[in-house]
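In this document, chain identifiers A, B, C and D correspond to the written order of the chains, with residue numbering beginning at 1 in each.
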Amino acid sequence: MSKIISYEKAVDKIKDGMTIMVGGFLGVGSPHNLIDTIFKSNIKDLTIIANDTAFPEIGVGKLVVNRQVKKVITSHIGTNKETGRQMSAGELEVVLVPQGTLAEQIRAGGAGLGGFLTPTGIGTIVEEGKQKITIDGKDYLLELPLRADVAILGGSIVDKKGNVFYNKTTRNFNPLMAMSSDTVIVEAEKIVEIGEIDPHLVMTPGELVDYIVGGGK
Amino acid sequence: MNSKEFIARRIAKELKDGDIVNLGIGLPTMVANYVPENINVTFQSENGFLGLGPAPEEGKEDKDLTNAGAQPVTMLNGGCFFDSSMSFSIIRGGHVDITVLGALQVDGKGNLANWMVPNKIIPGMGGAMDLVTGAKKVIIGTEHCTKKGAPKILKECIYPLTGANVVDVIVTELAYMTITDKGLVLEEIAPNVTVEEVISKTDAELIIAHNLKIMDIE
Amino acid sequence: MNSKEFIARRIAKELKDGDIVNLGIGLPTMVANYVPENINVTFQSENGFLGLGPAPEEGKEDKDLTNAGAQPVTMLNGGCFFDSSMSFSIIRGGHVDITVLGALQVDGKGNLANWMVPNKIIPGMGGAMDLVTGAKKVIIGTEHCTKKGAPKILKECIYPLTGANVVDVIVTELAYMTITDKGLVLEEIAPNVTVEEVISKTDAELIIAHNLKIMDIE
Amino acid sequence: MSKIISYEKAVDKIKDGMTIMVGGFLGVGSPHNLIDTIFKSNIKDLTIIANDTAFPEIGVGKLVVNRQVKKVITSHIGTNKETGRQMSAGELEVVLVPQGTLAEQIRAGGAGLGGFLTPTGIGTIVEEGKQKITIDGKDYLLELPLRADVAILGGSIVDKKGNVFYNKTTRNFNPLMAMSSDTVIVEAEKIVEIGEIDPHLVMTPGELVDYIVGGGK
């Protein structure tokens, strides 16, 4: 059975209230057409896990502007003033996480780890509510894994099995999210036959990808 | 030469051959323009590569190759790409020699605040908390005072911290200071600036180095 | 057909279309020979790839492409390589649907011992502890008794465990058993084998399934 | 200054009593000529961190046979009977670690993490001496990072800057060890000019490599 489906069918997998991981770094490597399809839908109350909320008109930021998001777990919201405005107004819950910790939490969620100890955030408000563990005299925070119901990712070249190559800086959080979500949807810039991607250049194994959209380019 | 260029030029002189360097957005990014000609440094971009090069020529931008501020950039020969987990393994694991960051506030204990102004601007910490924790040397490049003339170098930071006891060097348009076990040491002052002026514009207590020098940016 | 082939054939029938499967060294590896023709499964090799194919023709071995037993293998079209950290993220993270492993001892609680005989043979656990922890379904393929005729399916394992309460299915040349909340259930017996024979060769208590079947390997 | 040095100069970096990480999986991806050079030297009392002790005549196993090793941290010794014999005779300390935990410990050592929580080993003797932490009702072991004085790695194609491409299954532990050792020495099958390796195929950034040997092929 082919993994290639329409944008509409793909977005049907996303239900109100779900937790969604969105690949990309300020929109670079994000699944822009999937985001647009969600934007046009009535889906609401999403929890978004993403590096940032991008821009009001670009990337996952559009969903914030469109009031489809109730909570964001992210490292940076400075490029999307609407995120900050909704947060200050009490309309949106925002959990700010150091970027390396966020990446590692998503990795841990996909790698079956129960958590990890990081020195990042020690002595800051990031400590709040977290267990502190001392190893060899040095303090660390115990950070817990993150998982999502659905990951929507931006792939540069995707083969029909789902193997993904992310070009240049589009990789960022995409391969981590592919590991830690129950359902994985990749938006492809280009779809190729199985075997056309060098096995060393496969950054997300096709076995982890449930659906492929796009490829029109 | 404006203040920012002066600061960037002085910081560039801190770089050593072979260093891996991560520059924050804004003033710190300007440091790349003044790397001494006789050394090779590698710039890391936390969105996923080593070998950050200058901005591309107009019309030659690659939408898939940006810096951590989403601006189009280039990659130098011999660079490499990786994911965010590897990027922060490099940062947190002590593989970055120097990071240069801006500051809202910085204090004599080496505390840094640069990610939020409570109830006002909360952009988020991005990669800054990992950078100050993991980089071997943390250099703050900032104008000495706020636009309203208030000191940014305080006895103790008031805004929420990016990191506690993490800063090694502060460079402003007036002074070059190091954070030591004994406190904040004024090591160099800008040409045509007096020690008294630096002291008056600094809230933190300053220890004046015995061999106080003039900041050299050549 | 010898015992091992019989066991491997029965286990192969457990595989479903789309499964990611990791096979241990020895008998479990034989399962790959009997995958039903109408399904696609992907074999993972914990030394770093997905898409493990059959042994290469003689003379076509690639020294850089081996399985976890250092034997030359091939990769199927559409496979991919990764490092050991990613390999065990796949294993421990629940992305492997089925692992098939051998046993020194296995018990009715789903405990498995297959990595050391105290004071005698201590090969080490390799990837087995991660596999039994992470794989969604753990199938043990083993001869029912030791070479000396002693039961391997015990009330309680004596040797140090590979994993506690991890086994889902045990397949031997005599029987197909599942581990359930109520205990070890005899679901199927081999053709020409009696329930009494299975019971007599099994140290663990057996619950006989109401709809006991004959093992089908076709 | 060139990073390319002779095998002898490279092995001079290794001193008695040091902790050495050795890349490879049953010898595949191991730096065989570096191992041979250590074998011919008088270096002794090494602590070796490696996936396995390979075979008596192949890979890091030769150093065990040659009595240059006082301690091994590894996941598997079954293919090298001499390791087991020395262990049983009390001549060699062997710490057996689940393979996924070993990989993750080495990764943590290079990634600045203070440790991680893994479910692997719960209910087994691997628990001994370790802190157990319960997250959401599930038990995990707190495992600590590993680091070494020197890593010796086997690279397939290495450029003069030190960027490494590991071919097929030679990758295994090599890129992890490159991150978690004070000094990193890569034995190259082939040395190429800087820029000849696709930046997406660089599996160890050259900045992390101190010395390159070999390349004769």
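Here is the rule we use: a contact is a pair of C-beta atoms (placed from the backbone, for glycine too) under 8 Å apart; a residue touches a chain by one contact, two chains touch by 3 or more.
Given the structure is predicted, the values throughout are model-derived calculations rather than measurements.
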Graph separation of chain B and chain D (steps between touching chains): 1
CA centroid of chain A to CA centroid of chain C, Å: 35
Length of the line joining the C-alpha centres of chain B and chain C, rounded to whole Å: 55
Distance from the mean Cα position of chain B to that of chain A, given in whole angstrom: 29
For chain A paired with chain D, centre-to-centre distance based on mean C-alpha positions, whole Å: 32
Numbers and ranges of chain C residues touching at least 2 other chains: 49, 75, 81-82, 88, 91-92, 133-134
Contacts with two or more other chains, residues of chain A listed in rising order: 104, 107, 111-113, 118-119, 167-168, 199-200
Touch-based graph of the chains, sorted into line, ring, star, complete or other: other
Every chain pair in contact, whichever chains are involved: A-B, A-C, A-D, B-D, C-D
Touch list for chain B against partner chain A, complex: 45-49, 62-66, 68-70, 75, 81-85, 87-88, 91-92, 111, 119, 121-130, 133-134, 160-165
Chain A residues touching chain D - in the complex, by the definition given at the top: 104, 108, 111-119, 133, 135, 138, 140, 142, 144, 165, 167-168, 198-201
In the complex, chain A residues that touch chain C: 107, 110-113, 159, 161, 163, 179-180, 194-195, 199-200, 202, 205-208
Of chain C, residues touching chain A in the complex: 20, 42, 49-51, 75, 77-82, 88-95, 133-134
Residue numbers on chain A that touch chain B, as the complex places them: 25-29, 51-52, 74-79, 84, 87-88, 96, 98-101, 103-104, 106-107, 118-126, 156, 167-176, 203
